[in-house]
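The two complexes that follow have chain A in common; it is paired with chain B in the first and with chain C in the second.
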Partner chain A sequence: MSIMEYNGGAVVAMVGKNCVAIACDKRLGVQAMTISTEFPKTFQATPKTYIGLPGLATDVQTLSEKFRFKVNMYKLKEEREIEPRTLAHLVSSTLYERRFGPWFVEPVIAGLDKENRPFICSTDLIGCINFAKDFVVSGTTSNQLYGMCESLWEPDLEPEDLFETISQSLMNAVDRDCLSGWGAQVTVITPDQVITRTLKSRQD
Partner chain B sequence: MSGLKPGEVNLGTSIMAVEFAHGVIIGADSRTTTGSYIANRVTDKLTEVHDTIYCCRSGSAADTQAVADIVHYYLQMYSVQNGKPTVPLAASLFQELCYQNKDGLSAGIIVGGWDKENGGSVWNVPLGGSLHRQPFAIGGSGSTYIYGYCDATYRDGMNQEECIEFVKNSLALAMSRDGSSGGVIRMAVITEKGVERIFVPGDKLPVHWQG
Partner chain C sequence: MADRYSFSLTTFSPSGKLVQIEYALSAVNSGVTSIGIKATNGIVIATEKKAVSTLIDDSSLEKVAIICSNIGMVYSGMGPDYRVLVNKARKAAQAYKRVYMEEPPTAILVKEIAGVMQEFTQSGGVRPFGVSLLIAGFDEKGPMLYQVDPSGSYWPWKATAIGKNMVNAKTFLEKRYNEDIELEDAVHTAILTLKEGFEGQMTENTIEIGIITGVVSTKDDGAVVLPEFRKLSPSEVKDYLANIA
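On to the complex of A and B.
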């Protein structure tokens, strides 16, 4: 039994036309047993940037609070919001600091930079950044998500279409993973607004 | 008692059988897993071993398929020479195989069916190969989550519709909590008239409190 599969979870992010979307499941489990169906794994870092944190639940909670602290300190010192690319490097350094006793999370970052250009990336549990132009996946459902995203994603999707595409990718991927699912949350970030929707999904 | 071998496919599972006046209702979820991957999400875990005798399979998919096939063979041979087998006979065959091979098998089986002498009957053959006749039986990894619900809800003398609702609600609760159970609910009503299959798709599952 791998420690990364103890609690279960899935996160995916996609790039659209002048927008990004990030989505996660809502399950918290202890191996096969489902404890809660209200455990979303995406967190707001800035008004236009979100971090997804799948993996060991205790580290999900701890790191979401550590990043909240670091982002707030950045804002106080720099007197501006942190850019998504900079946040990615901040996440990477924070993880690599624990190279030989790592945090058991594999984060996903999605946001719009100050010129409202879309940005997504993911890192592994020790901070190696994967800059992608199309989509990034993470969690126990990553293999299924790769398959769904590779087939459903196309470039320059409008926000409404991106929402549909990322939702279908996530919902159908987690239906093939017994450690993820039990609800889903999708956040679409555009220059004007951020909309978070909760999806009705299979509860098994 | 052995667990699954590497690469072996697991019938995570929630299975159930209830006896009523005219026969039995048997039910199961439809999820088969390899590790955390759902290899089959529409599995049929209700397997015929004779015209009106079925078994619900949980544990290793390979082990339970092999055991059920062997019992099916023996009952075919028996019926040619001796006429219709009884449900306790079939259950006894399952017991013999599960007990004598207990070291190598990972199989939790519930036998349910109808015969002329006993009417409907339910026989639980858990991991060690013991045999228990019960008014209702639950099994599989998901059953642990519904012992309380079943004990609180079951009443003697329920009719066919009430038994179907009992099985449906119990399995839905188990499927909701157990990661190794899910998909659709398959049920079979076994009476003197034969076997009637009932299918409950994922979107028609009874929904209980979510939190």
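On to the complex of A and C.
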């Protein structure tokens, strides 16, 4: 039994044309038993940046609160919102602080910077950042997500098309993972607005 | 032994003043003058390098210090106290960079240093720093010039002077400063202001000038590139001096 597979979960983020999307499943389980179907794993950091936290649920909760604290303090001190790139390094250094007793999460960050340029990245549980130009995946379903994203993603997708692509990638990937699923939540971030939609998927 | 000094040496007087800080300001005001001027496209900070004797090798004495690539600092007051603050400022800037992989904005670094200076007015067994600092930095909000006092208070300035000749120098600056001044003129004005109260011969070896100028730009991957703070070389200073002669 691996600690990263105790609760289960999946998160994926993709880059589109002047937009980004981030999606997660909604299952919370204790190994084989599902105990909640209302446990989304994406959290808003700033109005234009979201952070996805799959992994051990207690760490998901604690880190989402820690990052909320750090992002709020940043805003108060610097009198501006944190940029996605800066947030990525903040997440990385927070995780590396626990290098020899790590947080069991593998975060995904997606957002638009102040020039509305798309930004996504993911990190491993000890803070190594992967800056991607296309998509990033994380969680127990990561292998399946890699397969789906690689086939379905193409550059410069408009927000509506990006929503379809990321939704299909996530839903079909989690159908091949017993520890993820039970609904999905997809957030599309554009310069004008942020739309979060909940998808009904196979409830098994 | 340690609890003999656990009380603060800086205590309030009946009138509500902290006399140690007043005395620290006296130390600053008897120190050599320093000038700072903010231009539309950058900042210049300058000071006299007053050598006690002609035998001193002044090329190795550094008063204008680089804190990180986009922030520089100069002082009036006690040199040794200044060097402690330069080190703390440099470490604070690098600590910020460790977390955010970015240079700190000027205001953030100033708050840190001011916080350090304030600690030394309230902790046990220590005395306030005998320096006032002029911190010049360029961040995404543009060029910013701050003064930090021994008490830990700080203010942003458009142009200012600290040290021995500050009253005359500030009057001089009030007349010459305008909001549209560009860096070249600002350097010129800074040198003229220093000259007002200068004791001895002003040469490229007896003044130190630091400037920061440029634009904030973004690389292809989105990373922000800030202008760099640098000190003028003696030959550059010589050119400026030739222009005012």
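A few comments on the model shown:
Please note the rule applied: the second predicted complex is superposed on the first by the 204 of 204 C-alpha atoms of A that agree within 3 Å, B and C clash if a C-alpha of one lies under 4 Å from a C-alpha of the other, contacts with A are read in each partner's own complex, and residues count from 1 in each chain.
Keep this in mind: a contact is a pair of C-beta atoms (placed from the backbone, for glycine too) under 8 Å apart; a residue touches a chain by one contact, two chains touch by 3 or more.
Quick caveat: nothing in here was measured; it's all calculated off a predicted structure.
The larger set of touched chain A residues comes from B, when the choice is between chain B and chain C. Of the two partner chains placed by superposition, only chain C is touched by A:93; chain B is not. Residue contacts after overlaying the shared chain place A:150 against neither chain B nor chain C. By the touch criterion defined above, A:203 lies against chain B but remains apart from chain C after alignment on the C-alpha atoms of chain A.
Look at A:134: by the touch rule set out above, it reaches neither chain B nor chain C. Once chain A of one complex is fitted onto chain A of the other, the partner contacts of A:158 are absent, as it touches neither chain B nor chain C.
In the overlay built on the shared chain, the residue A:113 is in contact with chain C alone; chain B does not reach it.
In the superposition on chain A, A:65 contacts neither chain B nor chain C. Chain contact summary for the complex, chain A toward chain C: residues 77-79, 85-86, 89-90, 93, 113, 115, 117, 119, 131. Chain B makes touch with chain A in their complex at residues 12, 29, 31, 33, 36-38, 41, 141, 145, 175-183, 202-203, 205, 207, 210-211. Of all residues in chain C, those touching chain A in their complex are 98-102, 105, 107-108, 111, 218, 221-223.
For chain A in complex with chain B, the residues that touch the partner chain are 5, 8, 29, 31-34, 36-38, 140, 143-144, 175-179, 182-183, 202-204.
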